[in-house]
Amino acid sequence: MSILQVLDLGLAILVLAIAGWTIAARELFASVVGYVAYGLLLSIVWIRLHAPDVALTEAAIGSGVTGVLLVTTGARLRGAGGVETAAPPRLSQRLMAGALAVLVAAALAAVVLLLPEPAPTLAPEAREGLAATGLGNPVTAVLIAYRSFDTMLEKVVLVLAVVGVWSLAPDRCWAGAPAPLGRARPEGALLFLDQALVPLGILVGVHLFWVGADEPGGAFQAGAILAAMWMIVMISRLTEPPRVGARWLRLALIAGPAVFLATGLAGGGMAGGFFAYPAGFAKPIILFIEAFLVLSIAVTLPMLVAGPPRRSPQS
Amino acid sequence: MIETPPALAATAGGSLLVLAILAPVAGILLSFALGGRFAERVALGLTPIGLAIAFAIAALVWRSGAPLVYNVAGLPPPLGIALRADGISCVMLAAAALVIAAAAFYARANFATPKGVMEARAPLAFWILVQAVWAALTILFVGGDLFNLYVALELLTFAAVPLVCLSGKPETLVAALRYLMFALFGSVFYLLGAALLYGAYGTLDIVLLAERMRALPAVWLAAGLMTAGLLAKTALFPLHLWLPPAHANAPAAASAVLSGLVVKGSFFLTVRLWFYVLPALPGGAAEAVLGTLGSAAVLFGSVLALRQERLKLLIAYSTLAQIGYLFLIFPLASGAHPWVADGWSGGIMQTLSHAFAKAAMFMSAGLLAESLGHDRIAEFAGAGRAMPATFFALGLGGLSLMGLPPSGGFAAKWLLLRASVAAGQWSWAIVMLAGGLLAAGYVYRILAPALSAGAIVLEAPPQRSREAIALALAIVAAALGFAPQSFFDFLEVGRAAATALR
Amino acid sequence: MSLALDLFSLVAIGAGAFFFFAGTVGLLRFPDSLTRLHALTKADNLGLGLIVLGLLPRAGSLLDALRLIAIWVLVQLSGAATAQLIGRALSPRRAAE
Amino acid sequence: MSASTLAGLVGAALVGLGLYGFIVSPQPLRKILAFNLIGNGAFLVFGIVARKGAAAGFPFDPVPQAMVITGIVVAFAASALAAALILRLQEETGNVLLDSDAPAKPPGDEAGAS
Amino acid sequence: MNDALLVAAGFILLTVGAGLVRVLRGPGDFDRMMAVQLLGAGGVASLLLIASATTVAGVEDVALGLALLAAFASIAFVNSAEADGAEPLEGEDG
């Protein structure tokens, strides 16, 4: 066994132990904290799978923003006095669930070990098409060129998630703003973060967007980092969540999918197929679309965490 | 570029498929950006366009007798995403367009933006979500790639769940949350299965998968996981518990769409999976299990429907039963047997007729509840005389549920019955007969008190136009019973390739 | 020359690893939250700092080296701010007990 | 044992753990945590498929990796919608538990698998 | 040399992983959060070490992202934990 293998094994055990803890913990908050730690470790696992793009996404969205969502939700639930009063389920039910879980996991493990070798792959096709897109990062090429249709639809899913979350508002609050993310008074340490961390973070976000065409990174990761920065500013109460009726907010939320859809439609007339890019112009167009995707993601994620509008528009 | 094999090549007119999807998607974005009254105008304005595209697609496929194919971004699978419309896609597209259009015009009375406000919550959400349901269903009906279909499933979830709790009442919130949990469970299991299939074959394109398919352990597990996920989304017994409260508590127009169409989306995907991706698997056991679960759903749903006090709940439970019939398509239409054409026609006909009949019934129930101020069946006495058109629509829809002629439901059940007799699989036939009797029981329970004499005061008479919409859908459900043989031949378009693989 | 650099790297990284170890022991063994916080901040300050220092000679380019330093600075900034936040949150609570 | 095989086993175990939590926990926010564990398990399966598909000079097959990125974003959106629903429910009723007897119980069978 | 780096990475990871016992034991939520904080720093450190010892492109950027976000959840946590019960769901007028 090489050192790397020992390391992998240790990592695997650690990940599973914490995952088990998040399920077993009695307190809601304890499991949420466990989940954040678990997400951090999971992005290291992704590095070990040679998937830096996924690792970045996992760190930013899977662990980072989801962690904040869970923490915020947990705190709001606790604030309203609604955490955990349930009796644990009956033993028979737990045994049944456990048996089913073990069965599924065992079958999955067996099948995963039996997957064919050498594995079928689309890497050669992806390599072949890369030249036409002018990109260097194949994952970005899949997302924005080969399977752009999926990516565009997934952005629409995000818009719908916002509509769904907002639709849960009380009627009188419609067009108002979501509840603030932070507590009342701005405070030293947080203001320090606003001044020091946030500008650096924005720089990192722009950097990830820019290198994403050729190296790991891209619209998702950059957007998520920018979203995190905006949320830090909102937590420190330097700015408040915007009113859901604000025109600029609506436009920012749909900008990504709308520009994506418009260029996709234009491709039908100009590049010989919907969502195709004209030869020679692929890369600038892709970067153009991605810029709007970054904007939309950076606005969408914080709005999803902030929740439905809670203040009537007048106040 | 490598030459595209003929099975994957795009056909003329394929771009209509992209337009069919992009029209409602653009509608969602436009409605959200413009907000307020524009959302309603965009949605209503799109319905004729969508209908026209759906019928144009159907006409093209009818004329050529072959599926319509489009490769998005000009990239054929496996790297690119293909869209394909065959016979069943076409009829489902048309049915979805019709029901959505009807629901939209029906809903105008409930979801107009009130005067004096720029924008109100429920109307904005409703008009956006209804277009989203439409977009998602369109992709589900024409998608040719299992991952693309996963995104469509998620789109459907995000559209359908908030529709359930538009009113914001606590019981609707519980129903929506429960629905969301089942739906999330369903999509994640579907995704897991898709991962295994990709691991085994390096593609998620339906045609390519079908060509490469062999009975590997990974394939069996993938099929099991994906089916379990899809069943949870379709609310097949025993994963049905979320459906009745969700469908019964949503606004009437939303219930019509949810019960008539949304559950059909995941059912359609199950059909795609078993008949188009996995036909090479030695079937039998799996199909029998699905048929058995369907039978259980028929009996269980019908008995529960008989016991409901409220009309909307009764109709929702009847959906459980009618979903059960759909799953008889698996034992009765798979394999290379002389009876599978009947089984196939019957199953698809059941999907269509239930879509129209159930939408009509939920709309009528909505009108009733608005006019009477309640939907307690026991207090319906005299209502039949006060609102004859509404009850006529209810009755006509009920006819189709019972499977009495003339109705689409009759044609469907007759075909399924014929197939099960020809196959010598009597148990399905017995279930269908029992289900028909039970359905007669619960439809009678609605109509009998309503037709009895009694004095009733309507809070407000129902709008004629809305009654007409419900009635029109019910008439379509009945008229399907007169479908000619050429219609059933059309349902086989694109299926020959799949069955030939066996 | 390269041997000396390697040696430097090893020593720095070893020291860094030790600080992480010490920090963990502190986190686990110290009696109350504030002292644990103290141990923690030492660990990620010095531990990560030393490791970055040890990796600097192995950086391929100036940009890579800058990125390494930026990572350290980021962890410093956020670590300091969080520690202050936690510390402040803890002190009134402790006083109340 | 290679890193990808190990990751595959971790993925399978995560699916099992998540499924157990999803069925057993009556508190919906924890169901969401469990749902995320199952999701991560599925993503890891995609991940090892991608890693095994290394070819043409890429150390991975980019297509499944792109699918995972799409999936992570969708899973977050789902968690956000669920969280908003839970909070609203709590506010309306003061109670967010889905009673363990009724619904929120996934399949007691692998119906289609057999 | 590479082996030494990996040993260091593994050592750090396991150490901070052991620190996660604090997540288990608590007692307070802040103690739990501190353990996560330590894990974040340790994770970044071992990521850098692994990156230096193996050849995966772009790991430094991942470390950059992790470093940026490591404190993110902690900040949200401290912030919301302090509001403890006092936070009105209906936003105060402001």
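For reference, chains read A, B, C, D and E in written order, and residue numbers begin at 1 within each chain.
To be clear about the criterion, contacts are C-beta pairs under 8 Å (C-beta built on N, C-alpha and C of every residue); 3 or more make two chains touch, one makes a residue touch a chain.
All of these numbers come straight from a predicted model, not from anything done at the bench.
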{"item": "Mutual neighbours - chains that touch subunit D and subunit E alike", "value": "A"}
{"item": "Given subunit B and subunit D, the chains that contact each of them", "value": "A"}
{"item": "Taking each chain's C-alpha mean as its centre, the one farthest from subunit D", "value": "C"}
{"item": "Result of counting contacting C-beta pairs for C-E and A-C, higher pair", "value": "C-E"}
{"item": "Centroid-based (C-alpha) most distant chain relative to subunit A", "value": "B"}
{"item": "Subunit A-subunit D separation of Cα centroids, rounded to whole Å", "value": "14"}
{"item": "Subunit A and subunit B: spacing of chain centres that average the CA atoms, whole Å", "value": "31"}
{"item": "Interchain centroid distance [CA atoms averaged], subunit B/subunit E, Å", "value": "46"}
{"item": "Where subunit A and subunit E are represented by their mean Cα positions, the distance between them in whole Å", "value": "18"}
{"item": "Junction residues of subunit B, two or more chains touched", "value": "79, 147, 151, 154, 158, 161-162, 165, 168, 173, 192, 196, 199, 202, 221, 225"}
{"item": "Residues of subunit C engaged with two or more neighbouring chains", "value": "70, 74, 78, 81-82, 85"}
{"item": "Multi-chain contact residues (two or more partners), subunit A", "value": "4, 48, 50, 53, 74, 76, 80-81, 104, 108, 112, 115, 119-122, 126, 146-147, 150, 154, 157, 161, 164, 168, 190, 193, 197, 200"}
{"item": "Contact footprint of subunit D on subunit A as seen in their complex", "value": "4-5, 8-9, 12, 15-16, 19-20, 22-23, 28, 31-32, 35, 42, 45-46, 48-51, 53-54, 57-58, 61-62, 65-66, 69-70, 73-74, 76-77, 80-86, 89-90, 93-94, 96-98, 100-106, 108-109, 112-113, 115, 117-124, 126-127, 138-139, 141-143, 146-147, 150-151, 154, 157-158, 161, 164-165, 168, 220, 297, 301, 304-305, 307-308"}
{"item": "Touch list for subunit D against partner subunit B, complex", "value": "15, 22, 28, 31, 35, 38-39, 41-42, 45-46, 48-49, 52-53, 61, 63-64, 67, 70-71, 74-75, 77-78, 81-82, 85-86, 88-89, 92-93, 98, 102-114"}
{"item": "Subunit E - residues contacting subunit A, complex", "value": "3, 6-7, 9-10, 13-14, 17, 20, 23-24, 26, 29, 32-33, 35-36, 39-40, 43, 46-47, 50-51, 54, 56-59, 61-62, 64-66, 68-73, 75-77, 79-94"}
{"item": "Subunit B - residues contacting subunit D, complex", "value": "79, 147, 151, 154, 157-158, 161-162, 165, 168-170, 173-174, 176-178, 180-182, 184-185, 187-189, 191-192, 195-196, 198-199, 202, 220-221, 223-228, 231-232, 236, 238-239, 241-242, 285-286, 289-290, 293"}
{"item": "For the subunit E and subunit C complex, residues of the former touching the latter", "value": "1, 4-5, 8, 11-12, 15-16, 18-19, 21-22, 28, 30-31, 33-35, 37-38, 40-42, 44-45, 48-49, 52, 60-61, 63-64, 67-68, 70-72, 74-75, 78-79, 81-82"}
